[in-house]
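Following this line, the structures themselves.
In what follows, chain A forms one complex with chain B and a second complex with chain C.
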Partner chain A sequence: MRPWSLLLVLLVALPLVAGVATLPPHDAPDAPIHTQVGALYLERGVAETGMKNMVTAVLLNYRGFDTFIEVVVIFTALAAVLALPKGSAPVPKGSAPVPKGSAPVPKGSAPVGKGSSPTSPSAGAARSREDEERPEVASDVPVSPVVRFVVRLLAPFIAMFAVAMLFRGHITPGGGFQAAAVFAAIFIALGLALGQDRAARLVPVDWRPWLQGVAPLAFALVAWIGWRLTGAFLGYPIHDHTAQEAMGFVLEIGIAVGGGVILARVFLEMET
Partner chain B sequence: MSDVFDVVMLTLLIATAVTVARARDLLAAVVIFSMYSLTMTLVWQHRGAPDVAMTEAAVGAGVTTVLFLITIARTTRREKP
Partner chain C sequence: MQPFGLDLDYVAVVVLFCVGLYMLVAKSNLLKKLLGLNVMETAVFAFIVTAGMVEGGDPPIMVAGTSAPFASPIPHAMVLTGIVVAVSVTAVALALIVQIHAHFGTIEIDELKELP
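Moving on, here comes the complex of A and B:
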């Protein structure tokens, strides 16, 4: 098989290398990306969309449908993950050959936390003492106090960074998707450091089903409003600046909250 | 200057990618893959794409690494020969 593998690799790699070799140099003013549709966006984008950040303008206006379907795709991915039957993970029951030197996978209960977080060998001893002082921390979280302290200290600042990313996304780099990823990262870090139960308490139970779908719902709402206002699905009222900003705002918040919840939910589903 | 940075970063990218593909220890592979994502973040930023760089840092280096780690915790750490 190896000669064939090598041939396959070469067949794929050579056209790629040849293609990269013919790319115009970086910053070349006459490169196609600067002369074709991108130039049109830059030239007319501000006047046509009223948005100051061209990336956001392309994402929400020129490529609005793409972004809509993208959001639906991540929602569908979550639905697929949730549809997986629980406990179907192939847990080796001693039959699978475990190489020497690696710890065997615990049988039965899911090995929550084992290897899923950076643990130090002394964490166990520190944890037993820590748990007596802090009974609210789940006892199956083998996280060192240092990691726990740092995560708790940094979480609010990272959250503020995500909020800033979200609200300033229309003029600076950032926006809904980036904020969603950072929100999810905070949630996951808190879940690893403090335990799932405490992290999950950040989101009210009644809201969860709606929050998971809030990104596609926000897009559908804005698309419908645009339809009512302009007669085009996902159309933006270019003359009504306030309405346009409000629609973009709803979209960004929907993407940030919905995307973050989806990412965090996938994590929760895998952890438990 | 710019070329030197590009060459160093791309060499690092290739090195990490090959190492990830060759690693038998999946935990090491995940950690090196996270390093790959961080290098990629720098490349994006250097190429003038801060939006993509942010996403790469948060999703590539952060969230997917954790998901991979959980997967390793639930399966095995060693690649089967």
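Moving on, here comes the complex of A and C:
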């Protein structure tokens, strides 16, 4: 298997290197990437969008459709993760062939069969012992008090960093997606250090469905507002910088909150 | 530095891509395959961002303190989109791997193939 893999990798690598050799140097100012539409955005961006961060301008304004579909994609990924059956009991396949022929293990009625059916006492006992052990294993993960203290100590500051990244994203590198990633990181760190229950309490259960969808919803709202103002779906009023900033602000907050909750929820789903 | 007309930054990206591809093809553990896929994605992002940089360029943020040669903003926006898609793919793949492990007790392709 290994030599064939290496051969395949070489077969892919050679055309890639050959192709890369024909590219202009990566920092040349006259490369096409700096002279075509990118230069146009840099030239007109501030006047047209009212945003100072051109990456945000491209992301939310010039290529708003792209980002709209992007938040729908991550929302769909969460939907796919949630759609998979959660916490299904692992079937011990390694020892499956032996009990399969002798006594079929009832999947859901193991605790009932433990007392009533004398035919398969061993299977019932094994089953119940497994059931008893599983929660112990889950709660037995040792978390050092140092880690716990440091995570609790740092969490508010990391949250402040995320908020700063969100609200200063228009004049510094940063923005909604970055803030979302940091928000989710706090959530995951708290979940690892303090336990899933404590972390899950940070996001109220009633709000979760709405918070998970808030990024596409914010985009839909802004797209509708743009349609009312300009007559084009996701259109921005080109001369009204206040309206543009407000629309961009709604999008950034929607992306930060929605994206963060989606990432955290995906992690929560894995942890079972 | 450009030996043989090759841009070393781009060559590094190709090497990273091939490392990821090798992990994806040669390893039989599904988690390692997924890691390889992520390494390949990272190589692609690095390639796009590298292409957008310019000699002595500032970040494309029009505030006091930044001046004329700006890095191209389009690669950054595209890579942001790509990262989100990569995260989505990773999330769904991890969830599927968890399911596979729950149902079959293994995530090795070799062992999964031998299952009845």
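Just so we're on the same page, the second predicted complex is superposed on the first by the 209 of 272 C-alpha atoms of A that agree within 3 Å, B and C clash if a C-alpha of one lies under 4 Å from a C-alpha of the other, contacts with A are read in each partner's own complex, and residues count from 1 in each chain.
Keep this in mind: contacts are C-beta pairs under 8 Å (C-beta built on N, C-alpha and C of every residue); 3 or more make two chains touch, one makes a residue touch a chain.
Just so you know, these numbers come straight off a predicted model, no measurement behind them.
Asks: Thinking of the overlay built on chain A, is A:42 touched by chain B (first), by chain C (second), by both, or by neither?
Replies: second
Asks: So, A:270: does it touch chain B (first), chain C (second), both, or neither?
Replies: Once the two structures are laid over each other on A, A:270 reaches both partners.
Asks: Where does A:173 make contact in the superposed view: on chain B (first), on chain C (second), on both, or on neither?
Replies: both
Asks: I'd like to know which partner A:55 touches here: chain B for first, chain C for second, both or neither.
Replies: Touch status of A:55: both partners.
Asks: Contact-wise, after the overlay, does A:192 reach chain B, chain C, both or neither (first, second, both, neither)?
Replies: first
Asks: Return first, second, both or neither, reflecting whether A:67 touches chain B, chain C, both chains, or no partner chain.
Replies: second
Asks: Looking at the overlay, does A:165 come into contact with chain B only (first), chain C only (second), both, or neither?
Replies: After superposition on chain A, A:165 lies in contact with chain B alone.
Asks: Go through the superposed model and pick first if A:182 touches only chain B, second if only chain C, both, or neither.
Replies: A:182 contacts chain B only, not chain C.
Asks: Name the chain, either chain B or chain C, that contacts more residues of chain A.
Replies: Tallying touched residues of chain A, the top partner is C.
Asks: Do any residues of chain A touch both chain B and chain C, and if so, which are they?
Replies: 26, 55, 89-92, 173, 177, 263, 266, 270
Asks: Which part of chain A faces chain B closely enough to touch in the complex?
Replies: Interface residues on the chain A side: 26, 55, 89-92, 96-99, 102-103, 105, 110-117, 165, 173-175, 177-178, 181-182, 184-185, 188, 192, 263, 266-267, 270-271.
Asks: Within their complex, state which residues of chain B touch chain A.
Replies: The touching residues are 2, 27, 47, 50-51, 54-55, 58-59, 62-63, 66-67, 69-78, 80.
Asks: Can you list the residues on chain C that touch chain A in the complex?
Replies: On the chain C side, the touching residues are 2, 4-7, 9-11, 13-15, 17-18, 21-22, 25-26, 50-55, 57, 59-63, 69-70, 72-77, 80-81, 83-85, 87-89, 91-92, 94-96, 98-99, 101-106, 115.
Asks: Touching chain C in the complex: which residues of chain A?
Replies: Residues in contact with chain C: 1-2, 5-6, 8-9, 12-13, 16-17, 20-21, 23, 25-29, 31, 33-34, 37-38, 41-42, 45-46, 52-55, 57-59, 63, 66-67, 70-71, 73-74, 76-78, 80-81, 84-85, 88-94, 171-173, 177, 259, 263, 266, 269-270.
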